[in-house]
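Next up, some structures in structure tokens.
You will see chain A twice below: alongside chain B first, and alongside chain C after that.
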Partner chain A sequence: MKRLLGAVLSTALIGTPGAFAAEKTLTIGYSDALTGGGAVYGVPQKKAIDLAIEEINGAGGIKVGADNYKIKTIEYDDKADSTEATNVARKLIDRDDVKFILGYCCSASGGAMASFIGREDVIVLVGTAGARSITSLGNKNVFRTRPPGDYTGAAAGKFIAQQGVKTLGILAVRDVALFTQYRDSLVKAFEEAGGKVVAIETFGGQDRDMTAQLTKLRGLNPDALFVSGYVEQVAFSHRQASELGIKTQRYGFSGGSAEQFTKVATAEQMNGAWDLLAIEFNADVLGPKAVAFVDRYKKKYNENPTPNTAYAYDQVYVLRDALQAAQTTTDMKKIQETIRALPIPKEALLKYLPVNGRMFDDKGQAYIANGAFQWKNGNWAFVKELPSDAAAYSNFLKTIKD
Partner chain B sequence: MLIDFIQQIFNGLVVGSIYTLIALGLTTIFGIFGIAHFAHGSVAMFGGYLTYFLISALGIGLLPSFILAMAAGALLGIVLERVAYYPVRNAPPINSFIIALGLTLIIEKLNLLAFGVDQVIIPTPLVNVINVGGVTMPELRIYVLAIAAILVIGMTLLIQRTWIGMAVRAVAQNRAAAVLMGINVNSVSMFVFALSSALGVAAGVLVGALFAVAPGVSSGLVIKGFAVLILGGLGSIPGAIVGGMLLGVSEAFAAAFVSSAYKDVISFLLMILVLLVRPEGLMRRSSR
Partner chain C sequence: MWTRFAIVAVIAAAIVFPLFVTVNYFIHLAILAMIFMIVAQGANVIQGYTGYVSIAQGAFMGIGAYASALLSMRAGFPVWLSMLAAPIFTAVAAAIAGYPALRIKGHYFAIMTLAMNMVVFTVLVNWVSLTQGEPGLPSIPSPEAINLGFTEIAFEKRRAYYYLALAALVLVMWIVAAVVRSRVGRVLLAIRQNEPFAEAAGIACWKYKLFAFIFSASLAGFGGAIYAHYMGFINPTPFSADASLNAILAVILGGSGTLTGPLVGGALTVILPEALRVAEIYRLIAYGLLLILVVIFLPRGLVPAVVDGVRSISRRRKTP
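Coming up: the complex of A and B.
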């Protein structure tokens, strides 16, 4: 009797998974800066990913064959540091055995991952990290939504020349790949359009006093100034330029919010300054889908989404669409090919410029439109979209490996 | 051209005055104990953070906060001397050297724990700019120069004209003889640490108002402070004043007339040049 009961029970138990086969869990890894200097980008990015996952799981999960996958994450703090990011990637691949990794807010962590990930059997969907090498290295398994700095720099150089600027003085951070690549392509595009760069002055990562460089630029009297670097340093440059009585048009690239700028410079000192950057998440520019996202994000976190949140949010939907289209969660080669041929997911927030009708180009890079924002009445106001040639840049990206 | 030249001198003097304040503290401590007090930059940052905290969280005015922070700095200096350096005063110099390195890390991390990772800018109402024939002088920078000048003059008077100042000079010249003359070396050393740390805090507040207080700023400050010491002469107060101004102005000139990429390189070349030609420093007599 006992034996019979055992047999019945075990049959029932064995039978159980079959009965609920539709419910499965897909574990994905997550590596980002949750503490330290990069956390201003990393934490909001993580929140956006969690929100997208919640939405996908709430809508029934990812349907692959007869199975329904609910997404679960294993997350680690990479501190936007190259060594930490390498350790995190190894942990996720070797110990946690994940096949998909999301995150990467920053060039140092993303660049370190890209340097070896090509040899691993995983797929990485990068968000905000800007260093060109993350996609230019040509790893088949890396896809990124944020376009590299030099893509935007070229559009910015053309735009400045179109504004009637003939001579340009440049003040830029000297040792951050994102900004130097942007600056170099800006100079090239500006000079091709007939402009002349009178001087390129630089500052280091910890500098906050740019008066010596600005005094020199003031003496050269160019039609306009261009300033690029992290938000704080660009804000100090605007403040000190204004204090030095520099009245020329000031362009820049930093991507900071109005609150970040007014911590350093007054609204009057910022007046008329331009920020020329890829149109990241911006509810005013991107329409009703973006407005709805702001509502959901605010409801969940009680704060506004930052401009970089959409890069990683969109990647979660890329993953869902790719798995549903490939109808597998294990055949990595097939999934890679599917992502490469993927159209833009309908939930994606950013305005992507498809290359040959696909979201990602051959090197796994996506492109969004670039825009010109100008400081008016204490805030950044969107002025216009910059002509951006995604196809031409994609062809250029094919030719380089750094 | 002339206007730019004068502008660069002004730019350099403002930054140089902050270097001087940092260097004064370092040089007095070095002159008396022979200690390279690396934690001085972190003490300065502590003062900047504290001032910001007093203003933003407690609503105390800028000037009272500044003075309170300097008082807190003086107290911190006494604690550092008693807890960290006093116990190893008779040990080999390597002990205090290692303690100085350890203190730097400890104070830096305590700053992080207490005040967070964000950069902090001390708010001031000074936003006007004075224009003299094309040379622009922001009000805030003029105040920075003036405050630094008052502190430097005050410190010089204190050392040169008062009894305690005489005691400090005596200990610096010959410790054993000073003890024999009945000078209490213990109180002199506490006084020196209090004074130096208060000056360091003042520098931190000026940096915080003019630029920002943030993790990583302290190491830059202390490196510049030691560069000034080498330029002016280790342990020399006039050397710290001249060296600080010289370093500030040469950095501005380097950026203006050579290349901003080599700004720091050129100031360090200057330092190497002084070491080669006049190793005792610009303002010290070589006889000693």
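Coming up: the complex of A and C.
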């Protein structure tokens, strides 16, 4: 009788899916700027990744075959520096033996990683870093959610021309790939639309005083100014432009939150300024799923998410969906192919523009719509979507390798 | 006798090192350390042997790195040839910069070389059509594989590149040792000890100083070329004044004016920040504190301190 009971129980348990699912740990690597100038993007990105992992682990983890994986991270600070980022990637791959790496908020670190990672048997899911080469190099194992800078720059150049601006003065950071590629693309599109750039003035990564450049631009009397760079520098530029009495329309590109801007400039000094960027995280534009994300983020960190947080958050769900669809955590080729064919995860916060029905194009690049935001009543207000031709850009990306 | 034995033992240990290392990450660090030892040895020539502190090693490393990368990528030169041409390009740049710079001395010379580093850095960032600016040059090729008939040595692999860097370091050490032991080396030491006295003895010091500056820069350029083809990606960031200060630090830490000092110092400046990574955000504070302690308690550097210690022990043993 006991034997019969045992046999019945065993059969019942075997027949129950997941009844013997083994609890395992999937260790993923994380490389990002946690200190230094890039930390303004890297730290929020890390917080978003941690939040997504907490959600996935809380919901039972990642189910692969009979196993149930809970995610754990090993994280290192790459300081947005190319050598540091290479050291970190080597350490994660060679010593910590990870197969998946997330992070990369900045171009220098992301670009350095992309230059050699194609030879490694790992998958890298890049968040905010905007240098084009990260995906244009065509590594089969690199996937990025943020579109390159020039994808948005072209749309911004057309938009500024459509606003009736004939002459434009530019003040831009000199040496950050995302911004220089955006700027070059903006100038080309603006001039093709009949506009004229009267001067391009630049500032370095550590500069905080742009009054000399602004004074020169004021003397040239352009119809509008365009300012691009990291949040703090753009905020200083808007503040100093206001202090110099520059009344012309100010456009810009930085992707900072209202809180980040008002740490440097007053709401009055920001009034009327535009931010022309890919529609990053913005709860007002992205709807209830994004509002819920803000609540969870604020509850965990007691602060608002910055616009770039969603890039990395979405990547964690890309990884979960890919592993569950591929039903393996070790066959990297199969996982790569799965990601390449993956639809947009249902938890994804950003509004992706699929290329051929897939989230990532052939070069592992995802696209979102571009948008125009204007500062009104102490905050960035969404004004309109800018024309964004993901398919055309994807075709262009196929033709380049730098 | 003992010195030769020690040199052979160290080279033999370096040759077998990859065979005992199971984690490739340590080979990566060893490659970077050897590259930095070459750059630091260059700094040692001008700083340690000639007594002129140059804060431009980072810039010369950058010139070598970009020269070699661009020659191989744009001009179609074989990588091996590009790597050998890089020190020549750097030497030309150093000759142009060094001729006026060496008319001044002491702190003024140091400040002038710092300005040079900043100018080169700004050029690397802004001459976008050539250097691609801050986005950097991706996909820099590795040296062409060497076919030995029975096997092919592919330098995309870290172990192969490790031996390439080791061979380059041994070559550099041999050349530097030959120079410092030659008449030129003795003149450089004389300039360091008392330049007016050397002038009074009929030595045209400016020629020797210019030689030391150019030679020092060429070594940095050679290190830069090896770095570029190893990393496969360069942008201006690693060639800022920080790299020059690290080279000075490596010389001071290891032992200024000694052949082996820059080896120890170069290794420590690469490995210490990585070893302290466990402390994450506190690691740079810990690194800084360690350096301050070394400079206070071992002002001549680690190598002279260790040598003094060994000598004092052996003297005590000999004393009945």
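The definition used in the following text is that the second predicted complex is superposed on the first by the 380 of 402 C-alpha atoms of A that agree within 3 Å, B and C clash if a C-alpha of one lies under 4 Å from a C-alpha of the other, contacts with A are read in each partner's own complex, and residues count from 1 in each chain.
As a convention for this text, a residue touches a chain if its C-beta (ideal position, glycine included) is under 8 Å from a C-beta of that chain, and two chains touch if they have at least 3 such contacts.
Quick caveat, the model's predicted, so the values are computed rather than measured.
**Student:** Using the superposition on chain A, decide if chain B and chain C clash or fit.
**Tutor:** fit
**Student:** Per the contact definition in the header, classify A:108: touching chain B only (first), chain C only (second), both, or neither.
**Tutor:** After superposing on A, A:108 lies in contact with chain C but is clear of chain B.
**Student:** For A:212, decide between first (touching chain B), second (touching chain C), both and neither.
**Tutor:** In the superposed model, A:212 contacts chain B only, not chain C.
**Student:** Applying the touch criterion given at the start, work out whether A:174 contacts chain B, chain C, both or neither, answering first, second, both or neither.
**Tutor:** Touch partners of A:174: chain B and chain C.
**Student:** Return the chain, chain B or chain C, that is in touch with more residues of chain A.
**Tutor:** For chain A, the partner with the higher number of touched residues is C.
**Student:** Let me test your reading of the model: by the given contact rule, A:299 touches which partner, first (chain B), second (chain C), both or neither?
**Tutor:** neither
**Student:** Can you report the vertex angle at chain A, computed from the C-alpha centres of the three chains with chain B and chain C as the arms, to the nearest 10 degrees?
**Tutor:** Roughly 50 degrees separate the directions to chain B and chain C.
**Student:** After lining up the shared chain so the two structures overlap, which partner does A:203 touch, if you call chain B first and chain C second: first, second, both or neither?
**Tutor:** A:203 contacts chain B only, not chain C.
**Student:** Once the structures are superposed on A, label A:264 by its partner contacts, choosing first (chain B), second (chain C), both or neither.
**Tutor:** first
**Student:** Would you check which partner chain A:346 touches, where first means chain B only, second means chain C only, and both and neither mean what they say?
**Tutor:** Neither chain B nor chain C is touched by A:346.
**Student:** How far apart, in whole Å, are the nearest Cα atoms of chain B and chain C in the superposition?
**Tutor:** So the smallest C-alpha to C-alpha spacing between these two chains is 7 Å.
**Student:** Quick check on my understanding: which residues of chain A belong to both its chain B contact set and its chain C contact set?
**Tutor:** On chain A, the overlap between the chain B and chain C contacts is residues 35, 174.
**Student:** Quick one: which bits of chain A touch chain C in the complex? Just the residue numbers, please.
**Tutor:** Touching chain C from chain A are residues 34-35, 76-77, 81-83, 86-87, 90-91, 93-95, 107-108, 111-112, 114-116, 119, 131-133, 137, 174-177, 180-181, 401-402.
**Student:** Flag every residue of chain C that touches chain A in the complex, lowest number first.
**Tutor:** 23-26, 28-29, 32, 125-126, 128, 132-136, 138-140, 156, 231-238, 274, 277, 280-281
**Student:** Under the stated contact criterion, what part of chain B meets chain A in this complex?
**Tutor:** Chain B reaches chain A through residues 1, 4, 7-8, 11-12, 15, 117, 119, 121, 127, 129, 131, 134, 136, 138, 210-212, 216-217, 220, 251-256, 260-261, 263-264.
**Student:** Where on chain A does chain B make contact in their complex?
**Tutor:** Those in contact with chain B are residues 35-37, 39, 174, 201-204, 206, 208-209, 211-213, 215-216, 218-219, 232, 236, 243-245, 263-264, 266.
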